[in-house]
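Next up: some structures, all given as C-alpha cells.
In the two assemblies presented below, subunit A is common to both, partnered first by subunit B and then by subunit C.
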Partner chain A sequence: MGSRLTVFAWAAKAYGRWRKRKMTWLAVGICAAAAALICAPLLMIPGGALMDSAEVHRILAPVMGEGKGFAVWHLIPLYPTLDHFYRLLVESPAFYQLFWNTVGMTAAILAGQLAVGLPSAWAFAAFRFRGRHFLFGLYVVLMLLPFQVMLLPQYIVLQKLHLYNHAAAVILPAIFSTFPVFIMYRGFTQIDAEVTEAARLDGAGEMQIFFYVGLPLGKTGIQAAVVLGFLEYWNLVEQPMAFLEEQARWPLSLYLPQITVSQAGFAFAVSVMVLVPALFVFALGQDALEEGIAYIGVKT
Partner chain B sequence: MFLLPGFSGVMLFYLLPFFEVARRSFLKAGNNTFVGVDNYSAVLENGAFVLALRNTLLYMAVGVPLLMGISLLLSLLLRNLALRRRLVSAMLLPMAVPAAVMVLTLQILIDRQGVINGVLTNVSEKMAALPVFAAIDYLNTEWALVVVVCSFLWKNTGYMVILWLAGLAALPKEVEEAAQVDGAGRWQRWHYIIRPGLSGSFFTIGMLSVLQIFKSYREVWMVAGSYPQEHIYFLQHLLQNWYLKLEFDRMAALTVLLSLVLLLVCLLLQHEKRF
Partner chain C sequence: MQMESKKKLWRGFAAFMAAMLVMTYVSRMVYVSRMPRVRWSSPIEASIRNQIRAEGTVEVVNAQAIIGLEGLLVEKVCVVAGDRIETGTVLYEVNMEDMLAQLAELEAQEQAWQEQEQAKRREAATGAVRAQEDYDTTVVELDRKIAEETKKLEELLEDLDTHMFRIPEEDASDEIWIAWADERLRFDREIAEKKREIEDIQLEKDKMLRQADRNIEDARRAQSAAESGLDLGAGGVSQLLERQERIALLTALSQNEGKVTAACAGDVLEVMMQSGMRMGASAVLRYADDEGSRIFRTVISQEQKARVHTGDTVRLTFPGSAEEVGETIDSIVQENGSYTVTVRLEPGVARGRTEGVMELVSTSEIYDFVVPVRALHNDGGNVVYVLEEKEGILGTELSVRSMTVRLLDKNEDYAAVADELLTGDIKVVTECDKELENGMAVKEWGE
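Right after this comes the complex of A and B.
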C-alpha cells in the first residue's frame, strides 16, 4: 500500500517536473525565435559589404527594375572582395569629411547635454522648489513633441540668431533637448535621500553634494543617457536636412540615402562603417543602457 | 540654481520660439496682417491634413497596442529564464542600427521583385496545395502601413521588453510565490497580482511607445520619401512638406494645434498617474 503511494507521488512529481520543463523550453523557444527574427536582417550587411559589384548587380537586378523574376540574396558572397572598402576609404575624400562631421556633431551634442542636462536633472531630483511639478511636466511634454512640430519654431530662432546652415543649428537645440534630463533625473531619484541628507548634515555644500554624491551614485542613469544620445545623434537625419543646406556640413547619415540600390555593395560598405561605431558604443554601454532604460520604466 | 543654464536654453530654443509661432499662427505670412483663426480653419479644411491625421491615428492605434502586447508577452516568458540577458541583448540590437542601414536592407527585402516576394512565390509554386501567390507591391499599396508597423515593431520590441522586465522585477516576489502555494494558477496570478502591479509601468511604457511612433517617421521618410503611398502619409510628412514649400502660416497653426493636443494628453495622463 505504502509503496504504491510513493510510486504515485513520484509519478506525479515527475509529470509536474516534465510539464514545468516543457513550459520553460517553450518559453525559451518562443523568445529565441523572436530574437532570431529580429537579428536576421542584419546578417545581410557583412556579406553585402564584401560582395563584388557584378554579383550584387546580378542578384539584385529585379529590385533595380532591370530584370524579371525576384531578387535573391547571398549571405556569403561568391567572390569576396574588399573593393568597396577601398573605394570608400581611399577614393572618397567626401566620406572622411562627413564622417568627421558626424563625430564632431555627436561629441559636441553629448558634451553639451552633460554640461547643462546634468545640473537640471539634479535640480529636479534633489530640490523641492516652487513650480517643480509644473516645470517637470513641461519638460516631459517637450520631450514627447516630434521634431517636425518644433521645426518651425526652431527655424525661426535659428534665423534670428543667424545660425541657419551652421553646424550649431543642429547642435544647440539638441543640447537643450529634455529627454536626457528625464533619464538622468530617473537615475538620480534612485539615490537614497538619507545619503544626501547625511552629507548635508556633515557640512557639505550643494556643489560638493552634486559632485561627490550625485554624480557617482547617478552614474548608470548618466551612462544610459549618453549611450541613448549617441545612438540618436549618430543617426541624425531630419535636423541636418532641415537646417544645413551645404552638403559639406552634412553628417554621414545623410550620405547613405544618396547611394541607390544599384550600388548596394558600396552602400553596404558605408553601412558597415556607420554601424561599427554604433555597435561599439552599444557593446560598451549595454549594461548601463539596460539598467538606465529600466529606470525609466519603474515608477518612483 | 542648478536648473538655470538648462532652463534658459530650453526657453531660448523651445518655449520662446513656440510663443512666436503661436503669435504668427494668427497672421498672414508675408504681410503679417491679422487674420484671426483663418489659418486654423484652412488647416482643418485641408484634405491632406484630414488624411494625415487619420493615418497617424490609425498607425498609433495599431502600433502602440501591438508593441506593448508583444513586448509584455515576451517579457513574461523571459523573466524567469537563465538565458534572459543574452536574448534581451539580441532583441536590443536594432537600437544600434542606423536608420539608413535598416532602410537599405528593407528595400531589398520588400520590393515588388524583392526577396520576400521571391521566397513566397517559390513556396507557393513548390506546394501545389497552396493558392498561387501573386507578388505584392508592398510600398505602393495599402500594405505600406503593414510594412511600417512591422519595422516599428522590429526596432522597438527590445526596448519595451526591458521596460516591462524592470516593471516585473519591481513586483514583490513573495506575494506571487505565496499565491502559487495557495494554488493560484497562471491566469489568476496574472489577473490579481501582476497586472495591477504593472499599472504604473503601463503609463510610462505607453508614453514611450508613442514617442517611438513619432521617431519612426525617420525610417518611413527614408523608405518612401516625401510623398509616400497615401496610407502612410503622416502629419509629419505634412509639416515637413509645408516647411519646404514655405507655407509658414498654415504650418504655424498646425504646430500650435498638435502641441496643444499633446499637452492635453499629458495633462490627462498626469491627472491619472504621476509620471
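Right after this comes the complex of A and C.
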C-alpha cells in the first residue's frame, strides 16, 4: 500500500507540476519514459487479455520453464480474440460471485470506516482534551503496524467472537483501521478554527457544527480516505486468505490465484475486469485524492 | 475535474455495475444450462434376477446320405441345399437313354447266364439218373450171382447129406471107407469154397453198391449245385445278386421315368452332384431327416457362464416358428475364452430350423447394495457416481464423486455392487444427460 501510495503521490505531483509550471520538453520526456516503465505491467494486461491461449502460452513459455530464452511481450496481439472475456463474463459465474462479495465487503468496510472514523477524526481535529496527543500517537502506531503483526491477535479475537470464516472477520478489523482517521483528521485540521468558533457563537451545537461545518469543509479529506480505502480494500488479499475458509465468501482478489498458469490469458482478462471499478473510483476521486495526499504532508 | 465529466464518470460507473449485475444473472443461467442434470436413487437390498438370452444354431445329428447310382448319368438336379423336401419329392433325374442302355446290357447278361445254368442243371440231372440206373443194375446182377452160388451151396449140402446116409458098413473094406471119407472131405471143401465165393460176391456187392451210391450222391450233388447255383462260388453269386439287384433297381427307376425321390421328409443339407455328372458309389446328397435328432448350440460369455450350468432347464424358441420347448443343457465346453453350450433336442423338434434362441432365468442371493445398472460406469473399472453437496465459490452445490466399486452381479436393469464406503443412505446417480466427471457440479432433474 505504502509503495503504491508513493507512486501515485509522485505521479500526481509530477502531473500537477507539469501542468502548472509548463516543464520543459526534456523533463516531460524523462517523466514519460519513467511513466512508461512504471505502467508497462499495466499495458501488458489488456494485451494479454486479448491474446489467444496458444499465443500467451508461447510467449510465457520461458517464464514457465517450458522454453528457452526470454519472454518477449507483444503489446499488440498477433491473434486478437475476445474468447477470454467471453469465457469470463458469460461462462464464469464464480467471478461474479466474488465480484459482488468484494463490492459488498468494500462497501461495508468504507461505510463502517466513515461511521467510526469520521467522529474520531473530528474529535482529534476539533477538540482539545487530555491525552489527545497520546491517543493520536497510538492511532499512528496502529496505522504503521503491518497486518502480519496483527494476524495472530486478530485470529484469536475472531475465534473467540465466533467470527472466523465470516465476512465480518474481514470487515470489522478494517472498519476500525486508523489510516482513514488519520487522512480525515488531516482534512478537518484544514478548517479554520474561526469558522467553528463562529458557529458556536451563533448557537450551533457540537453535532450541528460536525454535520454542517465539519463534514462539508472536510469533504476532501473524507473523499480521499474513501478513495484510498476503496483501492486498498478492493484488492484485499491477506485478510480474506487468513480468515475466510469458505470460498463462497472470498473477495475477487483471491480469484486470480485460483487460475492456473496455463490460463494466463484468462487471468489477464480477470485483471482487466478487476481494474475497471478501481479506475472509475480513482477517476472520480482523483482531485480529492491529490488534495488528501497533500494533507498528509502538511504540518499541523 | 469538471462536474459534467464527473457525472459522466458516475454514469459510466453505474452502467458498469448494472452491466455486471445483468451479466451475473446471464452467466448463472449459462452455467446452469450447461450443468448436467441427474436423477439419483439409494442402493437397495435385493437379489438379481438374470435372464440370459443367447442366439445359436440348430445342427443335425447323423444326417442321412443318399448314395448315387453308380455309373448313371445325372440329367437334372431338382433340389439345392436348404430346400425342404417331403416324401416323394424328386431329388434328381438320371439320363433315361443311358440308363436303359445299361439295363438292356445287364438283362442280356442275365439271360445268357440263365441259359447256361439251365444246361448245367440238365446235365447234372442226367448224370444222377444214370448213376441210379448203374446202381440198380449192379444190385440185380450181384443178387443174381449170390442166388446162384447159394443154390449151388444148397445142392452141395444136400449131396453131403446124401453122402452121409451112404456111410459104409462097419465091416466095409478100408478102401471103401477111404473112398467115402475122401468124398466126404471133397464135399466139405466144396461147401467151404462155395461159402467163400458167396461171401466174396457179397463183399463185391457191398463194394459195388457203395461205389454206385457214391456215384448217385455225386450226381445228385451236382444236380443240386446246378439248380441252386452253388457252383458259381462266392464271387459269382455276389456278381449275380448284384446284377440282379441292379436290374431290379434300374427297372424300378425306368418305371419312375428316371426320377429319384425322397424316401422321407426333411431338409436338404448338401448337394454333391451336378447335371451331366456320372455318379460314383459315394453320397450325392445329404439331408436332415425330420425324425432324426438335432442339437442346439450357442456361445455364451464368461460372465454368463457363471449363471449357466449343465443340467439347467432352458427355454428354446426358433425364429419364424411358434415352437417353444424346454430342454436341459447337456454340456458346456470352454473354447477360446467363451463357452459353447450344447442342448440335445428331442427327435422331431426344430424341424427345418437352423437358428434358435436360448433363454434361462436365474435368481441370485440377496445383495446389500443393488443399484440400477444405468448407474454403473466403466471408467477403468466399475464406477458409480455419488451425489453429494460441495462447498465452492458459488456456495453449496450438488456435485458428483466417483466411487470405484466391486461388481458382484448384474442383469439388464440392476447391478449388485460392494465397497467399504457404500451405505444405504448415499445417493447414487442413476441418470444423467451429460457425460459425468469426478467433481462435476450437477443439478437435480426437475419433474
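In this section, the second predicted complex is superposed on the first by the 274 of 300 C-alpha atoms of A that agree within 3 Å, B and C clash if a C-alpha of one lies under 4 Å from a C-alpha of the other, contacts with A are read in each partner's own complex, and residues count from 1 in each chain.
In this section, a residue touches a chain if its C-beta (ideal position, glycine included) is under 8 Å from a C-beta of that chain, and two chains touch if they have at least 3 such contacts.
Predicted model, so just to flag it, every value in this text is computed and none were measured.
K.L.:
So, on subunit A, is it clash or fit between subunit B and subunit C?
P.N.:
Fit.
K.L.:
Once chain A of both complexes is superposed, is A:91 in touch with subunit B (first), subunit C (second), both, or neither?
P.N.:
second
K.L.:
Per the contact definition in the header, classify A:75: touching subunit B only (first), subunit C only (second), both, or neither.
P.N.:
A:75: touches no partner chain.
K.L.:
Considering only touches as defined above, state whether A:142 meets subunit B (first), subunit C (second), both or neither.
P.N.:
first
K.L.:
Looking at A:176, would you say it contacts subunit B, subunit C, both, or neither? Reply first, second, both or neither.
P.N.:
First partner only, subunit B.
K.L.:
Does the superposition put A:201 against subunit B (first), subunit C (second), both, or neither?
P.N.:
The answer is neither, since A:201 touches no partner chain.
K.L.:
Figure out whether A:286 sits in contact with subunit B (first) or subunit C (second), or with both, or with neither.
P.N.:
Touch partners of A:286: subunit B and subunit C.
K.L.:
Using only CA atoms and the superposition described at the top, report the least gap between subunit B and subunit C in Å.
P.N.:
In the combined three-chain model, subunit B comes within 12 Å of subunit C at the C-alpha level.
K.L.:
Can you pull the subunit A residues that subunit B and subunit C both touch?
P.N.:
Looking at subunit A, the two contact sets intersect at 281, 286.
K.L.:
In the complex, go through subunit B and note every residue touching subunit A.
P.N.:
Touching subunit A: residues 1-3, 5-7, 9-10, 12-14, 16-18, 20-21, 74, 77-78, 80-81, 83, 87-109, 111, 113-115, 117-118, 121, 135, 154, 157-159, 162-167, 169-170, 200-201, 203-205, 207-208, 210-211, 214-215, 217-218, 221-222, 235-236, 239-240, 243, 248, 251-252, 255, 258-259, 262-263, 266-267, 270, 273, 275 of subunit B.
K.L.:
Which residues of subunit C touch subunit A in the complex?
P.N.:
1, 6, 9-10, 12-13, 16-17, 20, 23-24, 26-28, 30-31, 34, 391-396
K.L.:
Can you check the complex and tell me which residues of subunit A touch subunit C?
P.N.:
Within the complex, subunit A touches subunit C at residues 89-100, 103, 246-248, 250, 255, 258, 276-277, 280-281, 283-284, 286-287.
K.L.:
Which of the residues in subunit A end up touching subunit B in this complex?
P.N.:
24, 27-28, 30-32, 34-36, 38-39, 41-42, 44-45, 60, 62-63, 65, 67-73, 115-117, 119-120, 122-124, 126-127, 135, 137, 139-146, 148-157, 172-173, 175-176, 178, 181, 206, 210, 231, 234-235, 237-238, 242, 253, 256-257, 261, 264, 267-268, 271, 274-275, 278-279, 281-282, 286, 289-290, 293-299
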